[in-house]
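In what follows, chain A forms one complex with chain B and a second complex with chain C.
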Partner chain A sequence: MKEGRLIKKFDLNKLLIYFLLIITAILIILPILFIFINSFKGIVDFTKNVFGLPHEIQFGNYSVAWEQGNFFRLISNSLIITIISVAALIFLGALASYPIARKKLFGGNFIYVLFLSGLMIPPQVIAIPLFILEKKLGLLNTLPGLIFVYIAAQLPITVFIFVGFMRGIPVEIEEASHIDGCSNIGTFWRIIFPLVKPAIATVSILGSLNIWNDFFYPLILINTKENMTVTLGLFAFRSFFRVTFTNLFAYMSSMIIPMIILYLVLQKFIIKGMTAGAVKG
Partner chain B sequence: MDKNKQKFLLYLIILPAFLIFLIFFIAPFISGLFISFTSWSGFNEIKFAGFKNFIEFFTNKNAYSALGRTLWLTFIIVIFQNITALFFAVILERKIKGKDLFKVIFFVPTMLSSIVVGYMWSFIFDPMNGLFNKLFTFFNLSELAKINLLGNPKLALYTIIFTLLWQYTGYTMVIYIAGLSNVPPELNEAGYIDGTNNWQNFKYITFPMIAPAVTINILISVIGALKLFDQIYVMTGGGPGRTTESLTLLIYKEGFGASRLGFGTASSTILFILVLIISLILLTYLRRREIY
Partner chain C sequence: MARVVLKDLLKKFDEVIAVNKINTVIEDQEFVVLVGPSGCGKTTTLRMIAGLEEITEGEIYIGDRKVNDVPPKDRDIAMVFQNYALYPHMNVYDNMAFGLKLRKTPRLEIEKRVNETAKILAIGELLKRKPKQLSGGQRQRVALGRAIVRNPKVFLMDEPLSNLDAKLRVQMRTEIAKLHKRLNATIVYVTHDQTEAMTMADRIIIMKDGLVQQIGKPQDVYDHPVNIFVAGFIGSPAMNFLDVTVTDKDTLKHKNFEIDTPEKIKKVIKDNNIAGKEVVMGIRPEDLEDSAFVSDVKSSNTIRANVEVTEPMGSEIYIYLDVDGVLVTARVNPRSQAKFGEPLSLFVDLDKIHLFNKETELALI
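After this line comes the complex of A and B, so read on.
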């Protein structure tokens, strides 16, 4: 009798849990689906029929978004900026982290703390002087101007991850390499760098997402049409003359869909990389 | 001599990263501190103004209420984001069919740009063509349909908070799941043998064991909320009135709109001090309750 009641209660719990999970999943998928489906409607179809499937599938919104919104130019800007910044972060970040993590250098700890202090400085804190600096250096409205800022802004988390990871490598491996006559730099290239692959993966995932999705730095540093990133491009496209809701949906879908496909292909890798970055601390 | 050369090389490989960081991060930070004590507009001569900007900040209603609003917003986001995330993490840690699928779905918003998410929800909440409006109209709830979630001074801030929770809870959840997977199942079993129930097990065994994940999640959500800008900027621009204006938005408007660089950087300095103090307090407190 008692056992029977227990089983029933357990099932009810399970049912409730599934109900909650499914509702939440719908709450997450539905808004994205809403944007995607409506990007294939004409504006009249959209206002009359928000919920349903398009009466007639139209690709017109996409041609407006891609041509007037200059979408492919901006996507390639974003790609260039992200790839160069992340490559520099991996290369320069790992190089700088090695002596900090493994060598007793005078001032090494100070440099490390200085890097880490960047974790507590929001972009808005440095925004105004940064604008003045870039203007003075002639970097305003240029891609290199953004790339330098992204490298600087992502270095704190990058160095943090690399140093944490390098400190976990057994000292013996390095000593053996020194005995074999390898210099410091040689040891770094041949021994340490190949061993920190997981850290490189984390740095590339975190860095790419942060840089690709960023909106604030382009907002303050870029105002020429050709050099915008895709996020700033969406903002600019919205304020264009005669841009309709459905045009915007097409622009947004063009940003969302590649991201989701990439995510679905690499999801295990991405989730692992992003949590490793957080949990290592 | 050779040893010195090796040492020199070690400094040399730190240099490129360090220089970029110094020029594009630390230098603006320090010159920001300096400008905050001046009354510079970017064009006139730089004049030292003492604490004038800071005094103005705490006597100007717009400024100090932006500060208060930022704190309130941070408080709500941290509480709700962490409780919801932990709740789902605990559920998905159990042996449940399809848990990997739910985990993958819940993490999707993390991948999206904050500005895309901001626009997406402002279309859904749009009082004319939005999903909510049409839904309520469809069910003949015209009173509810009339509510403008982003245009109502009392509701707008909470509408934005909802959007943020939608976007960031999945990430927090995944970090909690990683923390939970480190808790040895034997501990919970031992608890059950001693006659504890689920809630007691969670409170006395699981929760203390995931203290490091709690620390990192609270820190990430606090700092994230304090520096929140994008969603507010695209969804309301600080409006209606100034009811959703955060400290970050105030900085942007003063610095880039009104060209009051002294006052803008003073607000930046206050934001920095806020982040610093809150993180240090949290870090000391949260680290103390970690067992290892």
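After this line comes the complex of A and C, so read on.
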């Protein structure tokens, strides 16, 4: 009897969890689906039939979005910024995290806390000094100017993930490599770096999402059409032309594709990276 | 191969002394086991030899070279860790070849050495597998292989069998002993398991609280422990200890019994002038026998006590008896009729008695 009751309770919990997960999934997926479906409608079809499927599939919205929105130029800007920033984040973040996580470093904890404190600074607070600094350095309106800012802004969370993950690697593996003949740098590149693949995947996806979706920094640091990112481009596309929602939806659908592809490629590492960092860190 | 010399080796962690002035020479091709309870400093000593732990004071020589400031990679040693420490992202072959690749050994030579070692350890079939696809025993072999393939001067092993199940542990124990003979290697082996120490070592170093208690051949240490700690630590089941008084007639008197002493103990009593004093009598479980199986039984060579527990092992029975509040273990004939709660007369092999000073705990014989 008692055992039966326990099983029943367990099932009920599971049911509740699934129910909540499904609701959350619907809340997230529905707007994306809405944007995607409506990007194939004509404007008349859209105004008459907002929530239904298109009566006739039209690709015209995409050609308008891509041509008038200067989409390919902007998406290549976003890709360049994201790829270079994330690569630098992985390289610098892993290098910075290794001594913090694994070496008896004087002031190591202080440096770690200093990194983490970066998580608590809202971008709006540093907007004006950042603008002045970039202007003085001649980086305003340039892609490198944005890349530097993104590296600095994302480094705290990157270090947090890497340190948590590296602390979970048994110290004996590192010692074995020293005995086998590796120097500190050799141990880092040959042993530690390959072992933090899940953390690299997590940093890649988190960093890419944050950088790709960011609107604030391009808004204050970029004001030429050629150097805009895709998110700022969306804003400009809305402002420069009369708002045609279906065109806007086509633009949005196109700009989320790289992130969906990235997530699909790296998703198997994500959970591993998150939990390893969280539990063992 | 080479000998290892430890000279006044001292290790402090802040104010705590983990290893206290060890002095010993581990000879070329010798198999030395460092044994002792947790926290005795045995692993710290091994790690200092490996170069993984800084030395506070003293000197370490490998061969003729002082290695105090030499990094681990340049000491020409190989280490087998308790948790194997295999590289999870490399397959077995790459794990074994890693050290050779770093030393720029030619590819063909690496291939030859890895394959030969794999053959010795019967892991030839596993070379393409990753560590997570191996069982505990197989991982242990790979870890050994990684050490062997480098052909180092000294092998260091840190409790390499403690993660294996009992059966596999016995099997690997003999394999490591065989490997030692085959490779003619100098091996320093750390364990807390006295059975491993007894069965594998050429010499044992017994440690407690950072201090070396005794160094010697396994049988010598077993037969002639220098103090109560060593006597109790080496041997399973452990030696029994009873507080007794030495009488003027050179007998050993306890509340429950009074036993005679052989000539060699009489001499010890006389030399140390301990007549009338309290000492600790030590007797190993196998030196006690159910009186029913001995012909020469007298009151002067027996202890009578109540049976608390009996553990039949098949080839023998372990009997635990209550001797005035002290639990005494006896390994007796498997046909013994001893029963729980009943008194039993135990024959004491008087020639095997050990005596210890009660204050200093040092052996008198």
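Note that the second predicted complex is superposed on the first by the 193 of 281 C-alpha atoms of A that agree within 3 Å, B and C clash if a C-alpha of one lies under 4 Å from a C-alpha of the other, contacts with A are read in each partner's own complex, and residues count from 1 in each chain.
Simple rule for what comes next: contacts are C-beta pairs under 8 Å (C-beta built on N, C-alpha and C of every residue); 3 or more make two chains touch, one makes a residue touch a chain.
This structure is a prediction, so every number in the text was calculated from the model and none was measured.
Colleague: Determine, for the superposed model, which of the two partners chain B and chain C contacts more residues of chain A.
Modeller: Of chain B and chain C, more residues of chain A lie in contact with B.
Colleague: Would you sort A:Phe110 into first (chain B), second (chain C), both or neither based on which partner it touches?
Modeller: After superposition on chain A, A:Phe110 lies in contact with neither partner.
Colleague: Touch check for A:Phe59: first (chain B), second (chain C), both, or neither?
Modeller: Once the two structures are laid over each other on A, A:Phe59 reaches no partner at all.
Colleague: Answer with first, second, both or neither: which of chain B and chain C does A:Phe269 touch in the superposed model?
Modeller: Neither chain B nor chain C is touched by A:Phe269.
Colleague: So, does A:Phe19 touch the first partner chain B, the second partner chain C, both, or neither?
Modeller: neither
Colleague: After the superposition on A, what does A:Pro194 contact: first (chain B), second (chain C), both or neither?
Modeller: After superposition on chain A, A:Pro194 lies in contact with chain C alone.
Colleague: Examine A:Pro170 and indicate which partner it touches, taking first as chain B and second as chain C; both and neither are also allowed.
Modeller: So A:Pro170 only meets chain C here.
Colleague: Residues of chain A that sit at the chain B interface in one complex and at the chain C interface in the other, please.
Modeller: The answer is residues 183 of chain A.
Colleague: Could you please specify the touching residues of chain A with respect to chain B in the complex?
Modeller: Of all residues in chain A, those touching chain B are 17, 20-21, 24-25, 27-29, 31-32, 34-35, 46-47, 50-51, 92-93, 95-96, 98-100, 103, 105, 111, 114-115, 118-133, 148-149, 151-153, 155-156, 159, 183-185, 188, 209, 212-216, 219-220, 231, 234-235, 238, 245, 248-249, 252, 255-256, 259-260, 262-264, 267, 270-271, 274-275, 278-279, 281.
Colleague: Mind listing the chain B positions that touch chain A in their complex?
Modeller: Going through chain B, the ones touching chain A are 6-7, 9-11, 13-14, 16-18, 20-21, 23-29, 31-32, 35, 42, 88, 91, 96, 102-116, 119-121, 123-124, 129, 131, 134, 166, 170-171, 174-175, 177-179, 212-213, 216-217, 220, 223, 226-227, 229-230, 233-234, 247-248, 251-252, 255-256, 261, 264-265, 268-269, 271-272, 275-276, 279.
Colleague: List the residues on chain C that touch chain A in their complex, please.
Modeller: Interface residues on the chain C side: 50-52, 71-73, 77-79, 81-83, 85-89, 98-99, 102-103, 146, 150.
Colleague: Quick one: which bits of chain A touch chain C in the complex? Just the residue numbers, please.
Modeller: 170, 172-173, 175-183, 186, 190-191, 194-195, 197
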